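What follows is a pair of complexes built around chain A, which joins chain B in one and chain C in the other.
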Partner chain A sequence: MFKKLIRNSRMKSPWLLHFDCGSCNGCDIEVLACLTPVYDVERFGIINVGNPMHADLFLVTGTVNSRNSMVLRNLYEQMPNPKIVVAIGSCGLSGGIFREAYNVVGGVDKIIPVDVYVPGCPAKPEAIIDGVVTGLQKYDRIVN
Partner chain B sequence: MSKTIIPFGPQHPVLPEPLHLKLTVEDEVVTEVIPALGFVHRGLEKLSEIRDFHQMVQVVERVCGICSVIHAMCYCHGIEEMMGIEVPPRAKFLRVIWSELHRMQSHLLWLGLFADSFGFEALFMQFWKIREKVMDISESTTGNRVIVSVNVVGGVRRDLNSEQISWILTLLKEIEQEISALKKTLLTDYTVTKRTVGKGVLTKHQAYGIGTVGPVLRGSGVVQDTRTLGYAAFNELNFEPVVESDGDCYARTKVRFRETLQSIDLIRQAMSKIPNGEINVKVKGKPQGEVVSRVEQPRGELLYYIKADGNKNLDRLRIRTPTFANIPAILTMLPGMYLSDVPVIVLSIDPCISCTER
Partner chain C sequence: MSMSMQILLVVLGVVAGPLIGGLIGGLDRIITARFQSRVGPPVLQPFYDVNKLLAKEYTVVNAWQAFCAYSYLAASMISVALFFLQSDMLVIYFVQAVGAIFLVVGALSSTSPYSQIGAHRELLQMLAYEPLLVLVIIGIYIETGSFKISAVYSWDKPLLLKLPFLFVVLGYALTIKLRKSPFDLSTSHHAHQELVKGVTTDYSGPLLGLIEIAHWYDVVLFLCFCSLFWATNIAGMIILISITYFLEILIDNVSARMTWRWMLGNVWAIGLTLSLVNLIWLYQQ
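Right after this comes the complex of A and B.
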């Protein structure tokens, strides 16, 4: 019964951590727009938290460069298991338009394992919500 | 009294972007601030050696997603001036309309985030709800919400028909009513005034001396707005720069709030005066020479330096963004303030780190 309680509360209130990892702000404001009344992911019990130790979902936007790869890895390691990483936007997937720039390492998956990829430049709030829901289905499989 | 060093960022709930400040604190009072930048540096200026000057429009739009139209507009103005291209008048008015829509959504975004920085979450939600209407206008007229990609060298890519114009005007009326309804809460509420009045004061002399731009400078009583230079079609529109004299966080909030309403007025004026005709001209040849192009971004004056030597790639592209000019303002305002006021003061300059570091 206790296991079931934990499982239910994990699924009904996944808290998310958002990190801007060198994006142009386009995807970041779309992530924030998801939390506001028109899209409102809080109806799924999702809350944006600032502390990685409280988070279940990790939303990463933007390319990785040599300076913020350390921060990204740090945040990922501080999150408790099980955790789901959602990479958002073309730059988060592969580097996007900045792929050839000298300071860009590439997509988020070069540093940490990524579970869900959300394409788009910038990704629309609908796509981000879809990505989060897909991530939660995977989370469900990991938890059980 | 012992000193403590507290890191602010790079991942901080108040600021979606990675700005890192090392705050030296004695008790609760900040005594020294050292900024650390470079978390978002991608090296966009160097990309001009790989991409040709038409493709660079898309790259400079991604300097900053919040004001992409204005970046592209500044770049296109520079190239057009260099190559001697005369942009059709209708394209100039369309540029004004889209750039003012972007200024509106950027200011609404900031007003929301600023309310969130002192914990007024209801106000944050209200402003973002209004902002979605502006995003709807962007989406239905250009096909994308944030990075709209309407500017090209020689004009604009898309046109507005009369149906769209009348629909936008009705939506603007709703937006204006909703914003005005929040005016009382934003400017007279006890919580808001308590957290913003007298916080982070920058005198007129200081603000001018350290070279701040945009609403930070205008909030301190200096009349300076690059739009008065009359680029695009601003020379045919009637407006006065919005100026407040107190120089604190409250004055900056008032400047941005009034500018949002001013943008609505400017869009209306542009829509009533818009001429018929072509929306872009064909571009022949390659740019040669050097040029400095300036426009007013939501955060202040944006400056592009472009140098080309007759190749399809540019020789040098240098971008000076408004937040870069406003960072000294944070360093001047923070010492002497309480630690709990730091997020409010940092947000009051509307930092755009992705612009600054490119």
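Right after this comes the complex of A and C.
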């Protein structure tokens, strides 16, 4: 019963950390749109905490380059387990149109393990919420 | 009061404190969401959050931080238990202040600049509300002739009629303690971000869960203080607390976060003036 209670709580209270890893801000605006009254993800207990030490979900948008890869890894390592990473947008998935640029390392999965990929340029808020829900299902499998 | 009755009251305070605090937190979030034309999370959301936090990986910056988190929880718990025992208001006030200091010391023990600035702002907030709280307690003493809470319960007239300004002053302290705008300087209770998460930045996982539970105890303690102003019957108490808390949520939603200078100046100027006017008026009678 105790285990079920914790499992239930984990599913109902995913706090997210959003990191703009060199995105054009298109995906970032869509991520923040999820928190507005139109989509209102706080219904599901999701809060944008902005602090890696408090977060369960890590939403990353944009390409990774050699300068910010260190920040990305640092943020990931500061998050306490269990945690889920969601890469958002074409750039976050593979580097997008910038993948051939000399400073670009590539997608988020080149640096940290990614659990869910949300495609789109920019990704729609519906797609982001769907990605988070998919991530939560995986989260449930990981912790149990 | 007999010994068994006292033990029962302590257990009631320690068990019911976080349950009531968590439920109030849940209602707060729903009402806030409705003000912003959103639906809001379920009522039990604060409990889900704390359960999840307690089950997360135990990460701690240093031993002091863990010690301070446990001490903060212990002090908040003791202050609520003392209130339920109808003990001395000054003792409750000091125990509560010790808890608040432990929260700050824990934040200061980490090297994160966000945590440090958050801790300094928390100290400034305490500097703003603690003197006012003493004046409120002195006001109650002048009226009832005792620092004991049992004396307030045996008083036959509601204190609000004699101490209206001091109730407003207590409202200031409550707003600061509940971490509501315009006084959410050190850390915010909502999804706003200021200094990352201010004083709670470096507390994570189970320790953050403990801090959250301690905060529920604090909320309950301050609402209990508010209830003293209509201690003649239970219905009056509940109505007074409900109206006060609703006004707190309203103020939270219509005001922006202000600077600490504005907070100190404003809270001291208005708070001290209102307290003095009320105390002189009481003294004259």
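In this section, the second predicted complex is superposed on the first by the 143 of 144 C-alpha atoms of A that agree within 3 Å, B and C clash if a C-alpha of one lies under 4 Å from a C-alpha of the other, contacts with A are read in each partner's own complex, and residues count from 1 in each chain.
One rule holds in what follows: a contact is a pair of C-beta atoms (placed from the backbone, for glycine too) under 8 Å apart; a residue touches a chain by one contact, two chains touch by 3 or more.
Keep in mind it's a predicted model, so treat the numbers as computed, not measured.
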item: Which of chain B and chain C A:M53 touches, first, second, both or neither; value: second
item: Partner touching more residues of chain A, whether chain B or chain C; value: B
item: First (chain B), second (chain C), both or neither touched by A:K124; value: first
item: Which of chain B and chain C A:K4 touches, first, second, both or neither; value: neither
item: Partner chain(s) touched by A:G26 [first = chain B, second = chain C, both, neither]; value: first
item: Partner chain(s) touched by A:G45 [first = chain B, second = chain C, both, neither]; value: second
item: Partner chain(s) touched by A:P82 [first = chain B, second = chain C, both, neither]; value: second
item: Touching partner for A:P37 - first (chain B), second (chain C), both, neither; value: both
item: Chain B versus chain C as contact partner of A:S13, first or second or both or neither; value: second
item: Touching both chain B and chain C, residues of chain A; value: 37, 48-50
item: Complex contacts: residues of chain A adjacent to chain C; value: 5-6, 8-10, 12-13, 15, 35, 37, 40, 42-45, 47-51, 53-54, 56, 80-82
item: Partner chain A, residues of chain C touching it in the complex; value: 29, 33, 36-42, 45, 47-49, 51-52, 55-59, 191, 193, 196-197, 200-205, 208
item: List of chain A residues in touch with chain B within their complex; value: 18-33, 36-38, 48-50, 52, 62-63, 65, 67-68, 71, 75, 97-98, 100-104, 121-122, 124
item: Parts of chain B lying in touch with chain A, wherever the complex brings them together; value: 10-13, 16-18, 38-44, 46-47, 50, 58-59, 62-66, 68, 109, 112, 124-125, 128-129, 131-132, 135, 144-147, 352, 354
